[in-house]
């Protein structure tokens, strides 16, 4: 403050909060305040870190701004993880219920490399064994590896169920968007069913299939969850097309099929993809919840199993896998989206 | 001269919450082949409604409004240039211009050959592979104009095509329209609320009244062609626009009061 | 509406009886705590914790100066988590895998009183096979279940799995030799009906239900006669720092067990207490075989050791060497309660 404006914008802007932070942490540590005041210290720490980052950002030359922001986006979660690690190992958080990230990573590694001989499963299906299996047992050996994988079990349920739900939903949504009568008849019903928690009807789905414990009900519950979201968003997408574009299409002589192919379908795509993204997320949530108690494979089963037998690091590791699956599936869909809509770069 | 557009006692009413609204009442118009006619009037006078009826996007309640077909039955009767451009965001500039030809089933090579010619005429050759989101409003309207011209309709219907553009861009596009018209001599029905634009572009200016929309008066623009922006600086131009404004002023006032 | 009225009625009845009962009981010379001490209990709502329900609803806790809060939980693991976090003091839970894993990880929770024991004969808990399989002779005992679909409630490492494993063990099989399917008890009768499962472990009243409907036939009963598969556990903090409270808690359970011996088990005030906490019907309780409640509050250590062994051998635990039961069981409270009350005289 007392220094000149340029000096004030100098090191002080970002250094001061860090010094205050270090002093605060040290004082709290010495006085033994951590146990009861950890939440206040974390909050104050967060504010000081933000102040330091803002100070540093103001002081950086323009060309370093973007890299700096990118670094912040990565560093902050790392900082959070570090804080968690420390709170957990120092005993402020009970490590049995909130194991430190390092132990969760260790558990993830354990799950990845080990085959559970009791349940005959592994996390990712030990892909490093594929060459050897192929040589020894041929393709059936490779299929067996896939079948032992929890990740593959969840992924295949999500992908197949999603496809089975989304494709008819696109057609139904398209018809609903185009035809007022169909829309009037279906809209309110579908909006009502859409909000139903689909897990609630899972027992009924089990009754419908000859093998209630097989993949049928699981894939179906995913398909149903995806169907309503995609159908309703496709309808909204079709209805949301700028009327003047429809008029232009008609004025330039497009017939019904051409209207669909060249105007309505591409015009609805952005909102359709919004729906697909939401539906994919919902599909993953639903299948993980179903796997909790209704499956013997799948990442959701892993989460619940390791909670039931008090293996919390492995439970968190499985949750981490769920997150990775979510991010990966979304990224895949975004890739499809970019390919399908090259005009929206 | 054979008439290309014929309207006899064209009337359009539609229901609204405030009861029946008469957008167009006993409107008569005849446009000759190769004539450039501008419809001018206050907002709500039904000029756009009439254009949309001609384009087949709306129906008449009574009377008649039609485009007289030419010798070639495969040639489209009309194409519209919309104020909102109405270019397809998901098609490149080239495919937008080729749209009408594609709908008529022309092969890729054939339609692209036509499109190249029109792209260079409106100065969009460099932007052929761009998407509409990557170009400016003025360029989008060029795409829209080229799309209509490439389809080679009997009549070109333009619905306030430059209304959404800034003054400079509008001036540039007005000159381009003049140049293109000199080359094609298309039959054009052009809706605008700018008297200056109507006088600059048109062979004839038709004034309309609002509530109900009907023809008020007609002015023949006998300014020599080819015209350009310098035309607007001539005393003849000023005299004509002045005369039209005299005729239109009260009408605009009345329309504003009716809307208030 | 109906259920609500019934509950209200039951509660009123219980309250009225509790007053009378409390006056009739003696406290074996143990002074009630003043002021009353709060004890927070989480329990899995099954009949094997009936001593808890009777002690609560017939005023036995109150007469020792205990103010007991009962909250039901879905699984033992939940209760273990709450116990370790100090959110509750006592858990009424099955001795499930999570508890063994927790003990192996050094969790400070100890068994201090027994829950209900499996009856020596006519246990309501049995393994049933689908009728058509039984009639055709394909499945007549647990040994025929190899490769068949067997259902039980509770999931991996649960008490249900332990009992199923015990039935199989008699024929040299393990749960790895069958297709195990985890489902709610209520779903199992329907699964028998549509033929989607071959066998299942069921307790009262569902076992009676499928037997009456003739969709399944019992093929293994009295799986673990006289063994304890559930227990009352206390947090280390509760047992160490509030031992006078824990002692009275155990004494109240012992008093409750003595109110439930023989035909007293069906006493209306007892049945009201059971129905207050467990989803069942009076008919089911009256017609079913009672669980055993030791009037001397002995903790049968052998039973626990067997539970531990089976879960460990099934690969449910994350350790391989047996756990020293002396670390996880404290008999002090039950013994002190017995010393105060004297050995049971029928």
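First chain written, first letter: the chains are A, B and C, and each begins at residue 1.
Basically, a residue touches a chain if its C-beta (ideal position, glycine included) is under 8 Å from a C-beta of that chain, and two chains touch if they have at least 3 such contacts.
Only a predicted model underlies this, so the values are computations on that prediction, with no experimental measurement involved.
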Q) Of the other chains, whose C-alpha centre is the longest way from the centre of subunit C? A) B
(Q) Mean of the CA atoms for each chain, then the mean for all of them together: which chain is nearest? (A) A
Q: Express in whole angstrom the distance between the two chain centres, defined as the mean CA positions of subunit B and subunit C.
A: 86
Q. Per the centroid of Cα atoms for each chain, what is the distance between subunit A and subunit B, given in Å?
A. 51
Q) Could you state the distance in Å from the CA-based centre of subunit A to that of subunit C? A) 40
Q.
Multi-chain contacts only, two chains or more: what residues does subunit C have there?
A. none
Q.
Under the stated contact criterion, what part of subunit B meets subunit A in this complex?
A. 55-57, 76, 78-80, 82, 84, 86-92, 99-100, 102-104, 131-133, 147, 151
Q | Residues of subunit C touching subunit A in the complex | A | 75, 77, 80-81, 84-85, 96-99, 101-102, 105, 107, 149, 155-158, 176, 180-183, 187, 190-191, 194, 196, 314-318
Q: Sort out for me which residues of subunit A touch subunit C in the complex.
A: 94, 96-97, 116-119, 203, 206-207, 210-213, 293-294, 296, 304-305, 307-311
Q | Of all residues in subunit A, those that touch subunit B in their complex | A | 242, 244-245, 247-248, 250-255, 258, 262-263, 266-267, 269, 341-344
